[in-house]
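Lettered A, B and C in written order, each chain numbered from 1.
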Amino acid sequence: MPTNRKRAARGEALDDIVDRLLSFYSDCDEDRPDSVLGCYPNSQKIIDALKTLIDLLFPGKLSHKPVHRRGLPTYLRNRTARAIALLQPEIERALPFRWKGEAARHEGGHAPCSVKTEARTIAARFAERLPDVRSLLIEDVRAAYEGDPAALTYAEVQLAYPGVLAITSHRIAHELYKLDVPIVPRVMSEWTHAKTGVDIHPGAQIGHGFFIDHATGVVIGETTVIGNNVKIYQGVTLGARSFPLDENGFPIKHIKRHPTVEDGVVIYANATILGGHTVIGRGSTIGGNVFLTESVPPNTVVSANHPELRIKSHYDAETADWVI
Amino acid sequence: MPTNRKRAARGEALDDIVDRLLSFYSDCDEDRPDSVLGCYPNSQKIIDALKTLIDLLFPGKLSHKPVHRRGLPTYLRNRTARAIALLQPEIERALPFRWKGEAARHEGGHAPCSVKTEARTIAARFAERLPDVRSLLIEDVRAAYEGDPAALTYAEVQLAYPGVLAITSHRIAHELYKLDVPIVPRVMSEWTHAKTGVDIHPGAQIGHGFFIDHATGVVIGETTVIGNNVKIYQGVTLGARSFPLDENGFPIKHIKRHPTVEDGVVIYANATILGGHTVIGRGSTIGGNVFLTESVPPNTVVSANHPELRIKSHYDAETADWVI
Amino acid sequence: MPTNRKRAARGEALDDIVDRLLSFYSDCDEDRPDSVLGCYPNSQKIIDALKTLIDLLFPGKLSHKPVHRRGLPTYLRNRTARAIALLQPEIERALPFRWKGEAARHEGGHAPCSVKTEARTIAARFAERLPDVRSLLIEDVRAAYEGDPAALTYAEVQLAYPGVLAITSHRIAHELYKLDVPIVPRVMSEWTHAKTGVDIHPGAQIGHGFFIDHATGVVIGETTVIGNNVKIYQGVTLGARSFPLDENGFPIKHIKRHPTVEDGVVIYANATILGGHTVIGRGSTIGGNVFLTESVPPNTVVSANHPELRIKSHYDAETADWVI
C-alpha cells in the first residue's frame, strides 16, 4: 500500500533529521554554548515567581479578582509563601553556576550539588527584604505621578505605567543580585524587558523616587549607579563604551563600565550615555538624541546640535528623492 | 522534633514579614500611591475586552478558529455583546476616578457610587462608534500596504503589522477617552504598548490613513494632533518639551504640550519632536535621528548633521579604544 | 414590563450596530484591505509552531519541565513532528497569496487550491534544514557570550538573551522565506518582534556569529545583507532610505533598498543606517546615534558630532524653561 510506504518514508526522514540534530547538543553538566537546558534554572518557574511577587507588591495588579485591604493579611501571607516555594528550587539550581572567573570556567568545575541549605537561607533573606522594597516602590509611584502631567490618578500610575512595572521588577531582581544569586535575577529582568522594553541589568544601583516615562528602549547596564529623584525617558541608554579584553581576547567581567547619574538629573528621549568614567553631575538635564561619552558638571544642560532645514522643491521620481 | 520546630520558625518569620509589609498598604477608598488596587478597574478584564474588540474589528486575528464572511453576523453580534459586558463594569469602577483638578484630589472627594446608569450609557454610545472605527481602520490597512515596499498582501498587513495593531487599539481607546472615561483607555493603550512598543496616549488625535512602520519605540503624547496620511517610523517621539508647574510644584495637567503634525508628513526613524507649539507643516519630511523643538514650514526637509568619519589605525588594548 | 422593553431596545441597538458593521467586511476569496481573515493562514497556529521549534532548538527554553540529554532523541522527534504538523496546513493556506506582481494582484487571480502537495514538500525541506539552523545558533550563543562582559554563563545567554531569541526565530523564518512561503515567516518575525523589540524581516541575510545586545528597537530590513561576526546594539536601524514608485504611485517591491554590513562591524546604540547602496566596510565601528546614508570604507570609525554643553543659571517658571 502506497500510504504505508509513504508514511514509512516520512518516518525515516524524521529519524534522519533527529540523528543529525543530536550531534549538536551536549548535556548540561558543563555550561557550554550547545548544552541542553535541563540542569539550568527553569525560566518559566522563575517568571511565575516574579509575577507572584509583583502581585504581592501591588495587590491585584495581575489578578482577575480584586484585592481589598481587609483580606490583605491572608493574601500577603499566601503570596509570600508561594513566591518562596517557587524561587527556592530555582536558586538551588542556579548556585552551581556562580561566576568563578574565566579560568575556573574552563576547568569546568561546578560547586557540589549540596546547595540546598544555602538556597534556603538566601530565599529567607530575600523574603525579609520585601517590606523595604514595597516602601521604595511607593516613592517610585509618587515620582511617576508628580513627574508626568498626563498622570491624573495614582490608579493609572499603578495599573498602566510600564516604568513602574520595570522598577518593581528591578528592585526584586536587585535583591537577589546582592545575595549573589546567578541567572535567576537575569531571567527576571529579561521578562520585564520583554513586557516593558526596559532592560535594567539586575546589578544596577538605583536611588529612590526613580521614574522612567514611556519606557520602551531604555537600557541601564550592570555597573550603572543612579542617585535619587532621577527621571529618564524612552530610548535612553546608560551603557558601556568599549571594554578591555583579557589576554585570551575575552571581555573582562565585573569592572565599572557604565555611567554614574547623580541626584535630580533628567535625561530626555533617545539620549545615549556611555562609559564607566562618565558622571552626569547633579541637577543636570540631558537633551533628546544626545550622544555623550564624557562627564558633565552639576546643573549642565546638554543638547543636540540644531538639525539642517531645507525646503523641498520637487520630487524626482527617477532618483526617488526630493530635489532641494 | 526539629522539623516541627523549624517549620514553626519559618511560620514566625513569615508572620513577621507580613506584619512589616502591612504597614505599607492603604485601602483604595482614597486614590493614594500606597493604595491596594481593589476599588480600581481590573486591568485583566479591560484587556479581555480590548482583545474581544480587536478580534471583532479584524475577525479571526486573535482566534485559533478561522472566521468567514457567512458566519459574520452572529460572530459580530456575540463579540460586540461580550465586549460591552466586559467593559461596562470596568467603566463603572473607573468613573469615580475622573479628574476634578488637583485641589479636589486632595479633598479626597469621589463621586457617589450610583454611576451604574452613566456607565451603561457610555458603553452603549461606545458600541455605536464601532462601525466608524472599522471604516477608519480599513484606510489604515491600505496606508500600510501602500506605504511599505515589503508589504506584498493585505493579508500580512492585517496579520503581522504592529503599526496596524497599535492604531486599532488607539482608535478604540480614543473613543472611550472622548466619552470622558478615566483609566480604562489608558490600561488599553498600555497593553498595546507592551505588545507593539508603541505608546500612544488615548487622548492623541490622529487623522485617517495613518501608518507606523516597524513601530517599536514610538511615543505619541496626549495632546498631539496628527493630520491625514501621515507616516512615521520606529523610535519617533512626539513628546512634551518641558511643562509648567503650579504653585505647589505639580505639573499642570491638560494643556497642549505635544506637537501638531500636518497632512502628508513623513517622520523617519528615531526622530524626537517636542513641544506644544511645534507644528510640522504639511508635506514635510523629518530625517532620522533629528531632534526638533521648533516649527517647520510646509514642504521642509529636516535632516541631522553629517557625522564625523575617521579611519582606525590600530586598537590600543591598554586604553581599550581605537587609535585614529 | 419595563425590563423586557429595555432588553428589547438593547437588542435592537445591537442589531443596528451589527448591520452597520457588516457593510465594512468583504470575504477573503480576494486579498483586500477589508477582508475577513478566514482564508488566511492562522496566526495563532503559526506562533504555536514557532514556539515548538524554539523549544526544539533550545530544549527546555519554553517548557516548565526540564529536558536532559538522555531523553533528547524522543524529545526532538516529537517536537519536529509536531512543528511540521502545525506548519504544513498554514503553509498550504499561505501559498495562494504568493506575490505575482502588482498587476496580477489587481486581476485578483489566486492559484488553485491544490497546493497540498507543494505544502508537504516545503514542510519536509524545511525540516531537513533544522540541524544546520541549530549549528548556526550555537555560534550565535558563543558570539553573545564573548561579546558581552555582563554574560557570565552560557546558561544566562541561552535563557535570557533577547538577541539570541531574535536570531533563533529569524533563522527559522529565513528558511521558510528561502522556500518562497508567503505570510507565514512574516507572522513568525512579528511574534518575535513583539517579544524582543527586534524586527528582522525574514528576507534579511545574516552571517554566522551574529549578536544583538539589549535588542529593543532594532530594525533590519528585507534586503539587508550582514556578514560574519557582526555585533549590533539596541535601537539600530538598517533600513530603506526612500523608494521608487511605479506609474500608479505604488512602491516597487523586491529591489535592494537596505544596507550591506561587512564582516566584523560593530554598530552602537540607536544608529540609523539607510539605503540599498550603503555599504559599511569590514571592521568598521559606527557610533551611537549616528545617522548614515552613505557607504564607509573598511576600518572606519563613524561618530556623532559633539553635543552643546551649557550651564543652567536658573529655572524660569513663566516660560517653563531653564535660563542659560
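One rule holds for everything that comes next: contacts are C-beta pairs under 8 Å (C-beta built on N, C-alpha and C of every residue); 3 or more make two chains touch, one makes a residue touch a chain.
Note that this is a predicted model, so its numbers are computed, not measured.
Chain A and chain C touch with mostly distinct residues; of the residue numbers seen at this interface, under half occur in both copies. The rotation relating chain A to chain B, fitted on Cα atoms, comes to 120°, given as a multiple of 5. Annotation: 22 Å between the Cα-based centres of chain A and chain C.
Each of the following residues of chain A touches two or more other chains: 197, 216-217, 235, 243, 270, 287, 289-290, 303-305. On the side of chain A, the complex with chain B involves touching residues 56, 58-64, 66-70, 72-73, 76-77, 80-81, 124, 127-128, 130-131, 134-135, 138-139, 141-142, 145-150, 152-162, 195-197, 214-217, 233-235, 241-245, 268-270, 287-290, 303-305, 307-312, 322, 324. Residues 10, 13-15, 17-18, 20-28, 31-45, 97, 99, 182-183, 186-187, 189-190, 193-194, 197, 199, 201, 203, 216-217, 219, 221-222, 235, 237, 239-240, 243, 249-255, 257, 270, 272, 274, 283-285, 287, 289-292, 296-297, 299-305, 317, 320-321 of chain C touch chain B in their complex.
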